[in-house]
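Per-chain residue numbering starts at 1, and chain names A, B, C and D are given in the order in which the chains are listed.
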Amino acid sequence: MSLDPVFTPAPERHVLMKALANRSFLIGLVVTGVIALMALVSFFWTPHDITRLQVAARMQGLSPAHPFGTDHMGRDILSMIMIGARNSIAVAIVAVGIGMGLGVPLGTWAAARGGWADEALMRVNDVVFAFPALLTAVMITAIFGPGAVNAIIAIGIFNVPVFARIARAGALSLWPREFILAARASGKGKALITIEHILPNIVSLLLVQGTIQFALGILAEAGLSYLGLGAQPPMPSWGRMLFEAQTRMAVAPHLALFPGLAIVVTVLGLNLLGDGLRDVLDPRLRRER
Amino acid sequence: MTAYLAKRLAVGLATLFVASLVVFSVLEILPGDPARIMLGMNASPEALDALRSQMGLDRPVVLRYLDWLTGMATGDFGRSYTYSSPVVELVAERVAVSLPLAVMALTLSTAIAIPVGIFAAARRGRLSDTLAMGAAQVGVAIPNFWFAMLLVYVFAVGFRLLPAGGFPGWGEGWGGLWQGFKALLLPAVSLALPQAAILARVTRSAMLEVLGEDYIRTARAKGLPRRAVLWRHALRNALIPVLTILGLQFAFLLAGTIIIENVFYLPGLGRLIFQAISQRDLIVVEGVVMLLVASIIVVNLLVDICYAVADPRLRTGR
Amino acid sequence: MKTFATMLGAAAVLLASGSAALSARTDLVVGVVLEPPHLDPTAGAAAAIDEIVYANVFEGLTRIGPSGEVEPALAESWEVSDDGLTYTFKLREGVTFHDGTTFEAADVKFSLDRARAEDSTNAQKVLFSAIESVEAFDPTTVKITLRHPQGALPYNLGWGDAVIVAPESADANKEKPIGTGPFKFDNWAKGSSVTISKYADYWGEPVALEKAEFRFIPDAAASVPALLSGDVHTFPNLQAGDALPQIEADPRFEVVIGATEGETILATNNGKAPFDNLMVRQAIAHALDRDEIILGASAGNGVPIGSHFSPANAANIDLTDTYPHDVEKAKALLAEAGYPDGFSATLKLPPPPYARQGGEIVASQLREIGIELEIIPVEWAQWLEQVFTNKDYDLTIVSHTEPNDINIYAREGYYFNYDNPAFDAVMEELGATSDPAKRKELFGTAQRILAEDAVNGFLFQLPKTGVWDAKLEGMWENTPIQANDLTKVRWVE
Amino acid sequence: MSLLEIENLSLTIGEAPILKDIDLSISAGEVMGLVGESGSGKSMTALTVMKLLPHAARAKGRVVFDGIDIVAAPEAAMCRLRGDDIGMVFQEPMTALNPVKTIGEQVAEGIRWHTGANRPDAEARARAMLERVGLPEKQFPLTRYPHELSGGQRQRVVIAIACALKPKLLIADEPTTALDVVLQAQILDLLRDLVDENRMSLLLISHDLAVVTEMADRTTIMRHGQVMEAGETARTLTEKVHPYTRRLAEASTHVPERAKPADSGPGETLLNVEGVTRDYPIRRASLFSTQHSFRAVDDVSFSLARGQSMALVGRSGCGKSTLARMILALDRPTGGSIRFEGERLENKSEGELRPARRHMQVVFQDPYGSFNPRHKVERLVAEPLHLLDEKPDRARRRELVAEALEEVGLSAADMEKYPHEFSGGQRQRISIARAVITRPKLIVADEPVSALDVSIRAQILDLFADLNRRLKVAYLVITHDLTVARAITDRVMVMHEGKIVEEGDTNTVFDRPETETAKALVAAAPDLDRALRMRLARVSGG
């Protein structure tokens, strides 16, 4: 059994069957799906309008009208969480997108090019990794002004070297493989080989890392929002809801409970999905002895 | 090995230099006038000018960068604009909180996670493994500041066992030490839990990976029972990926405690830098960031040395 | 306000009887929100400096009392010449600085000259603008000559920016403040706390506390647990408004909602369209529902204001009904002004909760009449730069905490971009008037002009949410000046 | 009385049956050969004896070792047996040793565990054992780590571990498969000597009939988890009673029918290699030391005529693959020139190489690794069509692929499948189809059959011979296996430490090797016929 990090894939139909039989994957898929659905529905409908504040109805407990209660501005917490999911997912997706969009071309290019390009990329990676991620994200948002866009950039920047590194490692382990040599013997250039042979074979690797970074992105966004550096009102965000709940925890603990649970459930769902994907796509980790 | 480490060191120094350029140039474009912040809303323009030249803010950027760089090389990080005291002193006071906190959190998470990881790997597939890993899975998903909020309300407000926050200093004698320790306990726990969850998972999968290696079968063929194989052959090999994560976590803990410091209002490095950013105390921000970058590089170097100790293949050649 | 005065009187009587139990504790931990940049009140505007050192470590010739009255301090008494241009201060004897040096008239001259000097970094130089010269007549007599009469001089000299420092130690005051107060500075753990302790050689009545610590808790969220867990004995101004009912219900604590000098306003850029249009400003004023804002931004505590004036001030007149909450009228005004479909603008919000939360509500209320506000949260540094200095803003919410600061509306180039010669004239006249009745009348006129011009959205007077251990007494209930005066604080069993 | 007695052994892993009714017995001092192709269950049989089976495995039947019922024995009892009474040697020496422990620790560990000896005593015994397996302390102190040793040396350490306590039974599972022929011969000699010295029994598992014949007194032949035939080695393999035995034996010695090498003298030159050298830089020991390099290919010159089939043989690491890659223009020489059809290759850009590449294709060793697992056969086989100046349209492409597939004995319908749906031999056919689709003039084949089972390997060799004849394609076959070279090549070059040391007609060189290198290779190469002759001689003589 080879030890290279690239997965030996099974045929596509097979993968789907295996995936649906995998418990982690299934639970993760369902949980993530529910959260995503919630975010989608919130575009068209939420239980209550949260743009018009009803301060008089503030901090109400759980009731049929407000299943999760109301916050300190009298807004319906369930509606806030639904719209907040939108924000969390958008920030995390775009941040992962930035990471993949820049990191994967960089990493595969470095692996194909080798030599100084590879060395340069790795050194740049060293510099980025030497900066404490969360703190730098705080600095970026503080410098350029708090807001969802800057939060995305701040989180996205740190995804770039992660994906560059993974894509490079995956590509490097593939380049000496015989099927790549065969392609080279067929006169294909590095760019074409990267597109035809390298990318399809590291896609599952990237997918798994993608779900992990997605989950980390949600946590990071929550952290930044908690510090007041994420999405700004009136756009609700889970992190800021927690921050606002903190002073009121003794009076209205449900203010902190539900946004916190929303984060935990979403991240848990994504992690399960990632674990499941890994199990399904990487038979190496499944071998028993 | 010396060549390997020398190369890592050289790369580290180059990284540090590049980082200093990045930090300085990024912070130079920060909006906000430190003199205005110090003197407030009603200050007169003359007073502002006087203060600016007092702080050297009217000098060319390149000169200021060079001064800053040579200053740092000689251990002089400049004077804080807001707290008119040397940055080194400020940082030293904060490190006295952040470093023990990071060490406590790391110790705690390691002490919990590694045994749990090994235990789960050894009992793979059984109920105890499933439970431990389920708990770890949830632990990874919990934002540490939320966990911190819950801890405060249970242990500080509810049972009144531990302080809700603040840091009394390390004080005199054992009593003072105990006070300081108590103040850092809840923050350390809230930092350690998610870290421990990650570490336990890494430990378990590293152990499983190693347990699948050929040399484990060789050891079993010698007649060693499972337990002996686990401790004597698997653990040291599994330590290598665990070390990587430990290094990352320590680096994270040094700087990433910013949110937890806010929850517990601890005077640590993270909050120093947070405050300094909002007060446009550039010199402090620059100094602390450089210090953190340097410490991350040092931690990585230490991890590299640990690799070499744990893995003889790195000691020769490579 | 009367109740406060009565209660204070009662407290004073109690204190005078001097019946404190001997076994009472003598340490105190005070929670404050902001850490000062340094500890020299004569070299910085930060309220956080005065909140620690004023009256505790440093004293001026006069001081401001709990209800905002001028009291003698280092000056036993003073006399004003008939033309109002010369003040003669009689100084106390036997006063020493904490480093042992004696206090005399030369120190007063040094301090005031230093504050007025060309290169001075005193943030409130305007306080001393009327002073022509300061002369030390003899060691216990100081004569101050004015350029023009200024009735408020004794009050001005009571500010923290006018405290008396010694030439020997003045330069080191930022790090190691040395004054004449009943407490001396002990230690400053940066980012954490400042500790002061009883000064044995104090000239006046000795304080009851041996030691006091000011602990910095910037995060409102952390302050409630700190109080509940007993880490902190008092928050002179607790920011966690919504947790108040819980604290009030707890017999361990006393909660007193007092008043500050903080007029919280929706500051408006009068120099920028469409806010240069009076009808637009009036529409905004009609759209604002102060009660809702006070409920959401300050947990229902705070007195509504109709102009830029403290309700606690005797000269205050209630103008909150100038433009009552009326959405329809607001819409009509807006249409009349040429904005039937409303418009978009920005709302820059500094960090305090009253601004951030109040901003959300204001945005929601203005949306009702068609004004879409984009909320831009800013740090204080950015606020000072963008809003205050460069006047690059549409709307912002801020609390003006300086006492008696209605004159800012007459300042040229002030960030409101408000220019009304009639108002400027009133202020000028006020400056030259010392007759209390006449002054009161002029203040009334000024308030009315501002209210009618709807210069800013006048929201509410920031409350001082004092919370302290029920066994403590002597804490200030109001904030006539930024200070946490601990001189009368003591534990009782 | 047998030392090991296996009766009616059946094994399932999960639902899958692995072994069915295995009978096998080994007497004390006997060498038993266990032969079979991959998947025949021979390794699982050995692991059952050690009781080191995968978790989900369930064994039924009787396995008695030295009076102990192994199927029923508790783990503690097995721990006492393993390493003490039964030792085991594994196939892959590169991974069989713990990389973070010294060889001394690893050898001494078992000794200490079983005998309770103190450290110095155990180390003394380990030292003696290592000395015995050919690792004298002077060159190989106990403090060496595995990564400091070569593959052959590591296998010696593994043998030292297995034999440290002079077990009654030694199980060697493909102990030499990962090694080259010369090392294989050395390790087999060592095993034989150890078994003789200590009167051990040996269960030797191998896919190579020649190796087993050389070593084993008795042989058991397995297939699909069942025993096909068992008996005395010489008799079993001469009489070949069982049809499978016969097939196996024939495949092992199979020589495809080939046209006589072109008698028309040396043909037109296709490939000319002139003074080719390749250096690789060695990582510097410190930043300040001078850069050293390792010369993988050293001044190699030869030429290959059209239609000619040439072998390049040598021990592993001699530089033969590097040379092949340079000829394929996948790597550039440090010095010298390579001419293909008169055109120089070594200084051309990728674009300029296209005409040459069209006439030069490659077949690799690993039929699993040489395909992109995500592409269908059609796309895989069509890949070299990329080199044609005029790209064929889809219909034409499918036609060409179908043609190529039929050429190698597959059907046109196979182009719709993914590579993992094929067996190893079929994949190698696909690999060859890919190589011939552009009608190349030269195919470079790097160990084309060494990953295949014997019976399949015979078929692939036939295919090679057939294509050579029909398509007049020239071969450069890189191999460490002399029987492969003999089977499909006319000429042979023997390579040693980067240099060509001997060159000539294949049969001539192998029958009368002249250089030391060639002699060693020929002597070490397992040969079924020769081994059988020797064994028969021994049986009749002794």
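By definition in this document, a residue touches a chain if its C-beta (ideal position, glycine included) is under 8 Å from a C-beta of that chain, and two chains touch if they have at least 3 such contacts.
Predicted model, so just to flag it, every value in this text is computed and none were measured.
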| remark: Chains adjacent to chain A and to chain B under the stated definition are C, D
| query | Can you name the chain that lies farthest from chain D, using the mean of each chain's Cα atoms as its centre? | reply | C
| field | Pair with more cross-chain C-beta pairs in contact, given B-C and A-C | value | B-C
| message | Nearest whole angstrom, what separates the Cα centre of chain B from the Cα centre of chain C? | response | 40
| query | Whole-Å distance, chain A centre to chain C centre, using C-alpha means? | reply | 47
| message | Distance between chain B and chain D based on Cα centroids, please, to the nearest Å. | response | 50
| task | Starting from the mean Cα coordinates of chain A and chain D, work out the distance between those two points in Å. | result | 45
| note | Listed in rising order, chain C residues that touch 2 or more other chains are 221-222, 228, 351, 379, 382
| task | Give me the residues of chain D that touch two or more other chains. | result | 55
| remark: Among all residues of chain B, those touching at least two other chains are 153, 157, 217, 262-263, 277-278
| said: By the document's touch rule, what are all the touching chain pairs in this structure? | reply: A-B, A-C, A-D, B-C, B-D
| Which chain B residues qualify as touching chain D in the complex? | 2-3, 6-7, 10, 125, 213-215, 217-226, 228, 232-233, 236-237, 310-313, 316-318
| task | Sort out for me which residues of chain B touch chain C in the complex. | result | 31-33, 36-44, 46-47, 50-51, 82-85, 89-90, 93-94, 152-153, 156-157, 160, 163-167, 169, 262-265, 267-268, 271-272, 275, 277-280
| task | In the complex, go through chain C and note every residue touching chain A. | result | 220-224, 228, 239-243, 245-246, 292, 295-296, 351, 356-357, 359-361, 363-364, 367-368, 375-379, 382
| query | Which chain D residues qualify as touching chain A in the complex? | reply | 54-56, 325, 328, 330, 350, 353-354, 357-358, 360-362, 364-366, 369-374, 383-384, 386-387, 418, 420, 431, 434
| said: Taking the touch rule as given, give the residues of chain A at its contact with chain B in the complex, in rising order. | reply: 123, 126-127, 129-135, 138-139, 142-143, 215, 219, 222-223, 226-227, 239, 242, 246, 249-250, 253, 256, 260, 263-268, 271-272, 275, 285, 287, 289
